[in-house]
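Next come the structures, one after another.
Next, two complexes with chain A in common: one pairs it with chain B, the other with chain C.
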Partner chain A sequence: MAYLIFSLSLMLIYIGLAQMLHVQFGLLGIPNFGVVGFWGLGMYAVGVMQVQLGMSFVDAMGLTVVLLVIASYFLGRLILRLERQAILCATIAFSAIIALLAVTEKWMTMGVVGLGTIRHPFRVLGLEEILFFLFLLALIVVMQILILKLHKSRLGRLMVATRDNEELAASLGKDTFQVKIVAFTLTATIMGVLGGLSAPLNQFLTPNMIVPSITFAVWISLVLGGKEHALGAMLGVFVTFGLFDILIETYAPVSPEFAVVVPNMKLFFYGALLVGVLVFRPTGILDRKIKPEDISAALSRGMSTGLAGAGRGMQSFAKVADEKLINRKKEDDQ
Partner chain B sequence: MLDVKNLHSGYGDVAVLRDVSFTVENEIFAVLGANGAGKTTLLKTLSKLLPVSSGSLSWLGEDITGTPAFDLTARGIAYVPQEQNVFPDLSVAENLSLGALVGTRDKQMRLDEVFDLFPRLADRRGQSAGSLSGGEGQMLAVGRALMQDPKVILLDEPSAGLSPLFVDILFEKISDARTNRGVSIVLAEQNAIKTLEIADRVLVLSLGEMHLLKDAKDLDRKELMEAYHI
Partner chain C sequence: MKLHMRDLTKAYHEHPVLNVAEATLGMHGLEGLIGPNGAGKSTLMGLLTRRIAATTGTVELEDGDARHPLNPIRSHQVANLGLVKTNQRIQGFESLTIRDNLRLAATAHANETYRGVLDQNQTNDAIEAEIDDYLSQFTFADPDGFAKSGGEKKLLDILRCLIFKPRMLLMDEPTAGLPDDVTAKVMDMVRAKVKSGEMTVVIVEHDLELIWNYCAYVHFLSEGEILFHGTPDDVKNNRVVAEKYMGV
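And then the complex of A and B:
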């Protein structure tokens, strides 16, 4: 149970990262390939402040937010006027620098030895994990609602306009660079906050956690789910992390000799699924034209069909059970 | 209204416009010239999407030489580029509503006015702009500029690639915007004959320099041919 809560909490962190990447890339066209850099900076900042400086989680998170705002704002000012390829390279470089600092700055991060133990923010005996999970769930739900609202707002349309044709968008009367820098600073900071929230989840931090595969996993999720759709990030993480990492890798009944192959098979399926989606549905599972209302209508239709089916199943089960009961009574009477 | 003095501009080290001066009052001000004459460069510089190398620009008596592009829109200067002038992923209505990011007048009122002017757009309001025909796309771009409640529209070759029927409709609407809404137009065009039908004054550019500037009614075909052949 504890492992399931840990896995689901981690999945929520991934959903949050993909949601922020959706705003950056899906709406604004900023190809941030340094997701793990912001996440790692937030995680290590909270860890260092708690373990080395003895700060409380809330104080550490507050200072981390300040640090993240400064780092992402200055990085944004440096790179957001550049071509997209240059932004891609610069953000990869940023994440590489953060990963390297975690190794080299031993006085602060303890280097490869690792940093711990990071305390849980909720100190309720036995309920820490579940409370933390619920907190993350609430955060992700709030972010999802805000993203849905952003899609319907004029700011959202301005972001899409900036992504598609920045020169033309500049003639609409709004400072498009300002829109980009504010959105990048905010979303990169939230990526870092999600890193900070990952610190008590992991409890012990090592530099090998800051690996590019996290960035790629978030990108794959977003592209699979639908990079331009408000719900694409969430669906993408459900399909990749939820389906493969939690359901198949953890709960599928696999024989011990075959278990070693599962992680490699997972990567294979990730790749196959990505190729399949890109070939048959280049915009992702959720095309931007599919409205969230259509999804909720389809879901409720599916649920009602499922419930009706379940109801019919229950009825026939009850009928069979009744018949068996009557037969048994008859046998008893005889 | 718009005062251009000794304007020099270009792309990096490549100088395109040299020593261009004129004023635009309440009128349709046509900019004619052959390919490469500098018409697009002039309009891009006026809309501040290209920097001024030297010279000055002023708008309603205020110097705007260093003013950024987005700031000009709120002052009443709208720009419609020749190509890629709509946002293809957004619907017709969304494209138009982006024009209402500036201005204080009711957005719905502005939208209704544009739909009255271009009923075709009203029929396609929910359609994505990328799926419109060339003529409808131009109408949408002009409609979005009108949504900005501009005092002047810088219009770059709106007839390029359009069928004669669409050119007639578009030029009629441009003329309508001038007559009924009091919007001045700076119209860069290749289609000289059509342009001279609606223009008040004409500037002919040749290889980035002013070749002639005069009232449209005084311009004869021979002068125009000379300008195009230099």
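And then the complex of A and C:
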């Protein structure tokens, strides 16, 4: 049970990271390949302040937010005027620097020896983990609601316009650089906050946690789910981390002789799924033309089919979504 | 609104493409800017809207009694002073519908805030009425969908600029890619807006008939310099223009 709560909490962290990447890349076109850098910076900052300086979790998090705002604002100022390829390289470099500093600055991070123990913020005996999970859940739900609202707002429309053609948007009086830097600072800071929240989850921090595979996992989830769709991040993490890491790896009844190959099979399926989606649905499972209303309509239709439950629901969802998409395509073609 | 240029030059890798000692655009309402290919017309347009940085010289926007130097400011600030340009090459926001394109242009940047995210409000009645008005005058295959053909995209580019309500509009080859009847409709609308004093307009165009028909004053640009300016009749009868451009 504790393990399930830990896994689900971690999944929520991934959803949050993918949501922020959706705003950065899906809406604004900023290819941030340094997700793990912001996450790692937040995680280590909270860890160092708690363990080395003896600060409370709330104080450490507050100071970490200040640090993250400064770091992401200055990084943004440096790179957001550049070409997309340059932003990609610069953000990878940023995450590499953070990973390296975690190893080398031993006086602060304890280096490869590791830093611990980070205490849970909710000190209710026996309920720490579940309370923390519920807190994360609330945070992710709030962020999801805000993203859905952002999609329907003037600012969201401007973000999409900036992604499509920044120069044209500027020629219509839009301060596109300001839009990008404010959104980047905000979302990168939240990535760091999610890192800070991962610190008590992991309890013991080592530099080998800050690996590029976290960045890639978040990217794969977002691309799979639908990078331009408000719900793409969430769905993407469900079908990758949720399906493979939690459901199959932990709960599928696999005989011991095959258990060894499961982690490798997981990577294989990740890859196969990604290739399949990119071939048949290049914009991700949730194309941007599928509206969230369509999804809720499809889901409620799915629910009402009753006994068949989840299976039928998914089918009808896929069908309705596809119909909508085909109809829209037909309308577009006309 | 008027645009004053002084000692304006642009060179790429020390190779000069534009050299305007002194000129003023926008004194006569609807003006034309003509010249052979490679004369520097589009470069001049880019310099005036700060899309391209000048090598030397100054550009000033005169608005009533105020004079705004454009050199120190960025392209979105130029637009917010009221100076906007339509594009020669097709430009657009592919993910936005025709209506959203127009809503984006009609919405003041000051209203595109984080606070507004909570309201989920993308438009208002005044903007919708204006959009309906434009879409009733210009036909798109799917007015509630996306702009499809090159012509529709070009038209949308011009409508985006018009709904922005500029005080001065630069039009870079508006007829390229537009059907003749649409061009005439656009130009009639532009002329009406100039007459009512809403804006001044400068048109860069190769279609000389259009220039003679609509423009009150014409500037002739060749090899990076403004060689002649005057009324359409003066320009038509000018020997330099005839030699360098009309191939007589």
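Here is the rule we use: the second predicted complex is superposed on the first by the 306 of 334 C-alpha atoms of A that agree within 3 Å, B and C clash if a C-alpha of one lies under 4 Å from a C-alpha of the other, contacts with A are read in each partner's own complex, and residues count from 1 in each chain.
Keep this in mind: a contact is a pair of C-beta atoms (placed from the backbone, for glycine too) under 8 Å apart; a residue touches a chain by one contact, two chains touch by 3 or more.
Just so we're clear, the structure is a prediction, and the values are computed from it rather than from any experiment.
After superposition onto chain A, the partners chain B and chain C occupy overlapping space and clash.
When chain B and chain C are set side by side, the one touching more residues of chain A is C. Look at A:G173: by the touch rule set out above, it reaches both chain B and chain C. In the overlay built on the shared chain, the residue A:T215 is in contact with neither chain B nor chain C. Using the contact criterion defined above for the overlaid structures, shared-chain residue A:S7 touches neither chain B nor chain C, since it reaches no partner.
Touch criterion met: A:K149 reaches chain C, while chain B stays clear of it. In the superposed model, A:Q19 lies in contact with neither chain B nor chain C.
Once chain A of one complex is fitted onto chain A of the other, the partner contacts of A:A161 extend to both chain B and chain C. Overlaid on A, the two complexes show chain B and chain C touching the same residues of chain A, namely 154, 157-158, 160-161, 164-165, 167-176, 228, 288. Those residues of chain A that touch chain B in the complex are listed here as 154, 157-158, 160-161, 164-165, 167-176, 228, 288.
On the chain B side of its complex with chain A, the touching residues are 47, 49, 68-70, 72-74, 78-79, 81, 84-85, 87-90, 94, 97-99, 101-102, 148. Interface of chain C with chain A (complex): residues 49, 51, 74-76, 79-80, 84-85, 87, 91-96, 100, 103-105, 107-109, 111-114, 116-122, 141-142, 145-146, 148, 160-161, 164.
Those residues of chain A that touch chain C in the shared complex are 146, 149-150, 152-158, 160-161, 163-165, 167-176, 179, 182, 228, 288, 331-332, 334.
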